[in-house]
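Listed below are the structures to be examined.
Paired with chain B in one complex and with chain C in the other, chain A is shared by the two complexes that follow.
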Partner chain A sequence: MSKKPGATQALHKVIMVGSGGVGKSALTLQFMYDEFVEDYEPTKADSYRKKVVLDGEEVQIDILDTAGQEDYAAIRDNYFRSGEGFLCVFSITEDDSFQATQEFREQILRVKNDENIPFLLVGNKSDLQEKRKVSLADAQARSQQWGVPYVETSAKTRENVDKVFFDLMREIRSRKIEDKSASNGRGKDRAKRKKKKCIIL
Partner chain B sequence: MGPPPVVTGISPKEGPPGTRVIVRGEFLGSRAQDLIGLTICGCDCLLSAEWKSQNKIIARSGPCKGRGDIIVTTRSGGQGTSTVQFRGYHETIGPMKESAVWVEEAPMQSFVWGRRALSPTNYQQEDPLGLSVEGNEKKFPEDELIELFGDGSGELASDKFHPGWFLLQHHHATTLDDLKAGLAYLRRKVHSQKEGQLSFLKANVGSVMEQLDTIVLLKEQFESDVQKHGSDPTTKLEKAIKESMAEANKLFDDVLARRDRADATRNALSLMQRYRFLFCMPVNIEKNIKRGNYDLVINDYARVKNLFGNTEVEVFKRVLVEIDERIGKLRNMLHKKLEEMPATLDEQKKIIRNMVNLEAEGDPAWDAIVSHARHLEKSITACVHEHLESESAGGDDSSKTPKSNGSTPMSVKQLRLYKNDINNAPVRVLCVEAICDVVMEQLPDLWRLGQSYFTGQLHVTVDIEKQIPFKNLVLSGMQHAANAMKSSCSSNLEASWLLYNLRCVRQMYASLIHLDLPNEALDIFGKFIFDLRFQCMAALFKQTAENIGALHRKETWQMECLYEDGGITRLPSLFEEMIMEVSKLSRETAVACGPREGPLLAGSAYQALYHNAVRTLFTSFARCLRQLAFSGSEDAMEDEEPSVSQLIASPTGYRTRDNKQHGPTWEQCLLISLSNIRYTLNTVLPRVVEFLKAQGYPELSTAVGWSSDWTELENLDAAVLDAYLERRCDPLVGTIEPSMYLGGLEWDSEVEPTHIRPYAQEALANLIAVHAEVRRVSPSLLKRVLSHIVETIAEELARLMSCVTKFGPSGIIQARADITLLSKALSRYSTPRARSFFEEALDVIPPPRNKEDASRIEALLFKVTRTMRLQLSCLTDQKPDNIIVEGIDSDRTTTVTIQILKFVGG
Partner chain C sequence: MAAIRHTLQREIFMPNDEKLLSVCYVSKAYKKKKTSFLCLTTTTDTPGVLLLYQVKKNDKNVFKKKQSWPLTDIQTVDSVTPDSLDLELHIDKVYKWSATTAQERRTFISNLYTYSCSLPQRPTFKNIPKDWLMDPVTLKESDSISFTPDLLASPIPSDYQPITDKEAADLATLMSGCDYAVSNAELFMETLSKDLSVLDGENVQSVLASETQVTQLMNGIEEAITEASLVEARLAVYDEALGRIREAMARVGQKNQAIHTANHNARLLLEQLDAVITQLDIPAKHQRVLSEAELPGGREELSLAGTALLKAMQAPLPPGLDRLGAVSEQRRRLDKLKAKFSLIVARHLNNLFIHLGNDIGETPASTTDLTLPAHQTVHRELEPYTELMRLLRALDNKAFMQLTKVYTGTMSKLYQRDLKLFFEEAKTRLIGKRLHNNPSKSSGQKGEDLVPAAPICLLGGEIWAPQGEGAFLDSVLDRALSQMQPVCLAEQAFCISFLQLDSVLSPSKGSEADEVDNMSNGATSPGSATSTASKKLERQLNEEVRATMAAIFPSLEPELNNFISYLDKIDSFWCMFVLVRLSQHVMSAQDTGSFLSMTFASALVQVKRSFDKFMQAQLQSILRDTKVNRRNKCGILPYVENFENFARTAEKIFKNSDRKIDLEKWYTKLVSAMFEAIVIHSAEHHKTPQEVIKMENFHHLYDLLSQLKISVLDHERKEAKQKYHDALRAYVIQYFGRPLEKLNLFFEGVQAKVGAGVKESEISYQMAFSKQELRRVVKEYPAREVKKGLENLYRKVEKHLCEEENLLQVVWREMQGEFIAQYIYIEELIQRCYPDSMVTLEFTIQDILEFFSEIARSH
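For the complex of A and B:
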């Protein structure tokens, strides 16, 4: 991509995380192309970027669709580092995937070293209510514990698909504005953070 | 132009070359053909691109390295852009990576950070400054770097590593603070490594010492081993290794040898497979020959010749030789087959074509023609042989049948019907038919074959010089057929079979005419047909003549029809009918000209023959009539009795009638025959002449001897009349004398004449009987017959009178009255000669002595005339004639009357 539009247009980098098979790619493709993919094909690392209009402002959203499988756990760090916002997805029909969100959350926080990183807890496959294993209450309890929003989506019916991406982008945008205002102290912050980490280690 | 394609998604976003990549975006082409370009990181991937939809393309990445755009180009939207990038990398193979390639593991042991079992990918991405690289998407242009540092490199592992290059390449956008932090990080790392080693040793002195001890122990052990086993323990090992190597080599050699063999076999097999066509050729040829697929064989052969004709390969040559051998056999077989007969034209043509294609030597087409001709000749000969042989074998049958047929008279109608009875056909007829069939079947083929030979349709080099031999072949074949048929027809066949033959031959002729054969050839059959036609005609006439000759059996003597002058039997009309029919039949069959046939009776010689034939009809009829007329003579002779006066015994003719046969007497037969003859001469003959003329036959009147009793009927007529007269006249006249002197009467006795004497009455009565007899048959004969009898009577009377020695006066009266009355009564049928005889008789008698006597004679005459009025009117007057015929219709009456008046006048 040429650098000129990138310079003028805001670019929000979203990373999809979550266990394998919860519907990260399905959500992404539904958002990007209004397309529901039925057949399951494990993702390695996919990249999507398109222009969207966010509250009247034309911005670019960059989605990194990561692998859910444990095989790729080692390389997640690298990906997470570049993320500006995270959609942590689990399947409401699979408790394990819900439990795994804890691990992802921790890894993100460790890599980003930022408690307030834009983050959404997403319970996917809301169309399969009859197979629900994770209660709404449990999910909401966890989101409150983390201090993040919880949204239930369905990549199949497109329920809340746009909502989660746009909500996350809004968070990222407001976060960026925040950062800009405190841009002067940013480097120091980071240095501090690093130092802190070293001390911990 | 539609909107340009935009790639907005890539899955996965990185991978080694050949990664299956799903490219997503918008306007990626309206259909598969619309997609005309796809590059990933500058590598063209169109070849592997699989267009799925407007939003999706699946492709495989090329051998690219580093980050790059995915550019889709479509016909409708042109070159597009990409919002995402693909990163290609070449996987560095490490010990942790599954790989199909052997990886040397040893150097990895001495890896700088050997203890950290990092995957090479991770290692590569590790930044030595501990800073994130992700933020540095903005690359520092490489050419600028080269400009700045020459042949340096940013690679950490490179010999030409240049820190400046590295920093610019990876961190030119990093803030100074970060760089400082990074430097500190690097220092710390280096320091910790250096520090680490020493402190590590310090912390583990015990175990290090232990290791040292162990090493010393090992050394001692090793030295003792050296003492024990010699200074060089490896020699044994080397030997063992060498041995095992030799062993392994041996094993391998074996295996390799087997492999070589297997390879050789495989090669041979694949070669066979590749040239299966050639190797299977001999078998295929055999198979196809058996099936009759010569075309296939020829095709294959031509192909083989083309492909391997100039081959240098020994094996191929061998196969080719074998193939040539088979083809040679095939040629021979085809040649034989060509000469084999019978074969249809198409088959032969096919074979000829095949042989031409096979490049057979010689001239197969000409051979075919010759063998065709020979076969034609042969089959004709065989035909003749077969039939004639059977004829001679069953000679009894065949000789019997014609005889029996010949003896039974057949009407022409029967002749026609007889044709259908083919099963009983004589052998010769069958023979001709068979020959016709043969010619019809084979000659066209031969001719057509020749035509196609000379017009070059057989794809043979045409030898123009062969045209004459060909013509001769055809001609000789036809001549042979004609001769064979002629010899078959020449023997005495019946007309019906001849006609049948003619029909066969004509049919054949017609079929040949269609062939455009040369005139010379057609004339052979034309001449034969002409002869046959004439033979047919002659046979027909001959047959008819025979039939006519047998007509006498049909005679019933029933008077069937009355014509103007009298009655006839059926025979003349039957005869006429037969002539008409035969002439019609022969006209329809033999004389009528078929296609390409000349008029039959044009030549004078043929006309003469024709005349003869017709004349034979008449003469045979005449013979028949003669036979009929004189058939009763023997019977009549038996009945013959000495002629006695009727006054003593009743005349023969009338006496025997009741107790003997019911048929007519011989005399009547004679009369009827006479009538028939006259009718034939006067009515039938002209009618026949007219009819034949109308039928288109030559004029009969030009025949030789036409004027001098051409039909021999005149002759017969005279003979029959004579016979009749003899029969009637002699007894009649013979009785006069005995009757005259019956009872001792003499002319000089003195008996007063009261009536004419009985002899005169008897003569008169007899005459009336004859008259009646004749008249019943044919009134026109009356004059001829009666005048003759009257003449005889007059002569007899004159003789008798002159013999009288003495007349008494009453005798004079009597005699005069007798003679006068007779001469008066018979005057109507008297010829001048008869009249002179009467006068002579009167002259002999002395004249009446006186007037008284004369008046007595007159009175007597008057009286007798009155008493015998009825008898006399029979012979003289026309009135009784009128009375007789009054019952018949008026037309006839008038004509009859006219006839009688004529007679009277004459």
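For the complex of A and C:
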């Protein structure tokens, strides 16, 4: 309370989304505390904050780890709204979780009303290659279709865990810089930046 | 045997008209089991045929003849050796037997001989003593009784007695003397009796004639007796004479012995005197040296002479000899020499000590680091005198003690000065930086008074900015401690050898030494006694060394303590640094009993106390100093916030230290104090609800403990997580009800009635819970109102929660869930308790979700 670090320090708000059991909490805890939790404890929502050095600059990251399944999707509106970037996680061992990313993506776009919202498609549990159900090609195809990066991670081996968080923070940071210059110039209207929307049948 | 003989006669031989003459129980030689009876028999018809039978007893105990030989067929009878039991008969082959008893064998062989005499061809008897073999001719009946009891014992009837050859010859001669004998027996008899009476008469005559001879013989005997008694008397005289001589001889022997003893004693005495003289004597050369030597030049000679003197003075004299006038005189002379020696040594060393007391000590010229000078030169200078010191100690303990005092006195001044400068320099270095940073303060050398102690930064304090540069303090401290070590150890090693601290106990402690001696000699279990005795000795030595070191370094402990307590002016965490660094030095010291180690150890005890006091202060400040702020939001309490830096600093200091356990004990105390304090302080904020304060602070603490990963606090970490969840739950439950308060109250009432036993279908008949009442309450919550209530709630939550814990989304998600759950619950109760009332809430789930989305969009 004596210090007021927030005044100058950048704060990036990241939301973890994805079906239950895909490893959102595991990724968060691995990133936060360098630990891997074997047992599965369903989350409702939990918030974490950490100071990190992003490309030489000390910043803070807020991570909101969320429940996978809600009875009513609208409940998610509020926290989607609060996010500046999204890690959309599925498990490469479970096709359903991959299919579910579609719905999450749509809701995020709707709530944020922004096609270019910083967003990473994350295929977790890459250490379980022998149980893979979602092919790399399918996942890459979807990420290309959405125009977002695709990264495979393992919360267990820590593979790419830092990468997804840092990549996302970089996207958020560049978006903020972009927004600043944009708001200095013409009016800030995200709808104008909307991409051509894909309709899936 | 007699029984067997009888049985054999009756069963084997009688039926065949044979008569058993002699029997011998034999076994086949070398085969003791194969036994049989050798039987000598004769046929009863006249003249009898002599046969030798071998009879055996078969399995059924019946005797059977096995073999028989006519006695004439036997060629040789061999007894092999007279006193064995062997019996060899050469017949058709050689039969080897052995008899069971020697007597039996002898009898049998004798009988064989006797009976074979009458044979035309008798066997040869080999290896048989003459007296066994008796011609029956020479035998009288009486002889054979004793000689061959076997024959007599035999049941052989004696009605037939063959006349022996000699008898026959005698008879023939007798009869040939009388031609008529055969024809006229009567005349022959008459002649014979006439002869007999003549012979009788002659006999009587000769008896009568021998009487004079007998008398002669008697006289002779009497004479012999008198002669013998004469000889005896003579012998008695000789004997007496001999007895006297023996006594004289014994006396001579005793005298001889005495002379020997006297001689031996004289020799011994001579030896003793010789020993005493050589032991007590000191060569003139040494005497001169002892009184005139000059130091340092005469050091070698002096110590040689001193050794001789010591030897002479300590020479073990036999008891009593020391009372000799000459001995005491010599001793007096030795004492004088001793006094001279002592004077020379003491004077010189005294001066030398004082001279050396001005030593500046050596400091490596190159280094600019903090350095405590060593005094190797002093030691090097004094070392050659070690032997003289040893002699002095043995010869004149008082002078030695005096010198020791002088030495310790001078050295203590030296070290006192060194240590003072050393620690002052250390302090200057420590505050140098500070003064540098604070140039306004005077650049005084006596920085001590100018620098106030760094205030301890308490966990409970609002502002937490610990002062200090721990790493710098630590490096100066480490340097200071490690500088003291070699100097102290060098001095200690020197003192042990120079002041003889390792030699077995000084004479002044003689009684104790004796005690130790007695213990090791007379104890029943020598092993344990000597070990305890040696341990005691070791302890005593250690104590002596320590006492000497304490005399040389009197200022070390106060200077060190002073320096250590000075450190609190430099750094708020000073006692942690010192605890870790000092204990590392204590632990790594090789000799734990040394003066320096003990000094460090006692300083360590002080520091541990300071550390505990420091931690206690932190602990107390959590509750005592904390003031809940007056701002709109309470947020994170100061100690929860401060604990992060506190723990990170402490962890860094105690990293790898074996003192970590001391810290960990305090961690648990601090954290549990914080748990309690959070609960207490959460009730004290004027705006923020209690649950929010608990939720945010426990969340913060949980996050912090997860990051710190202090293993002893793992339990507390889980506890914090649980408390955070509990507070979140409590907060959500307490506040979500607000937007539908009246509805909630209404249905809580309904629930209470149901709980009290009212049927759900009959609730509507209760006055307070009639359909009308329900409609009225429901009317109060049109969709518009609900939306407004939710928006208010959201705003309120936003106002309660602090930004840094970032729990708004977590709480709101929870509240949305709870709100929907409550909506469903109320709908269900209406369905169940007022089924036909057609009353429904004036808003739907869809409305609620729409409100949620709208709230989301508007923020």
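Just so we're on the same page, the second predicted complex is superposed on the first by the 179 of 201 C-alpha atoms of A that agree within 3 Å, B and C clash if a C-alpha of one lies under 4 Å from a C-alpha of the other, contacts with A are read in each partner's own complex, and residues count from 1 in each chain.
The rule we apply is simple: a contact is a pair of C-beta atoms (placed from the backbone, for glycine too) under 8 Å apart; a residue touches a chain by one contact, two chains touch by 3 or more.
Since this is a predicted model, take the numbers as computed values, not measurements.
Of the two partner chains, both chain B and chain C are touched by A:Arg81. When both complexes are overlaid on chain A, the residue A:Asp71 reaches chain C alone and has no touch with chain B. When the shared chain is aligned, chain B and chain C each come close enough to touch A:Tyr33. In the superposed pair of complexes, A:Thr43 makes contact with chain B only, with no contact to chain C.
Residues 1, 32-33, 35, 44-49, 62, 64, 74-75, 78, 81-82 of chain A contact both chain B in one complex and chain C in the other.
Interface residues of chain A, counted against chain C in their complex, comprise 1-2, 6, 32-33, 35, 44-49, 62, 64, 66-67, 70-72, 74-75, 77-82, 111.
Those residues of chain C that touch chain A in the complex are listed here as 462-465, 629, 635-636, 638, 641, 699, 703, 706-707, 709, 803-810, 812-814, 816-817, 820, 845, 849-850, 852-853, 855-857, 859. The touching residues of chain A, counted against chain B in their complex, run 1, 3, 25, 29, 32-33, 35, 43-51, 60, 62, 64-65, 74-75, 78, 81-82, 187, 190-191, 194.
Within the complex formed with chain A, the residues of chain B that make contact are 8-15, 22, 24, 55-56, 69, 81-85, 119, 121-122, 125, 132, 134-135, 138, 175, 177-178, 181.
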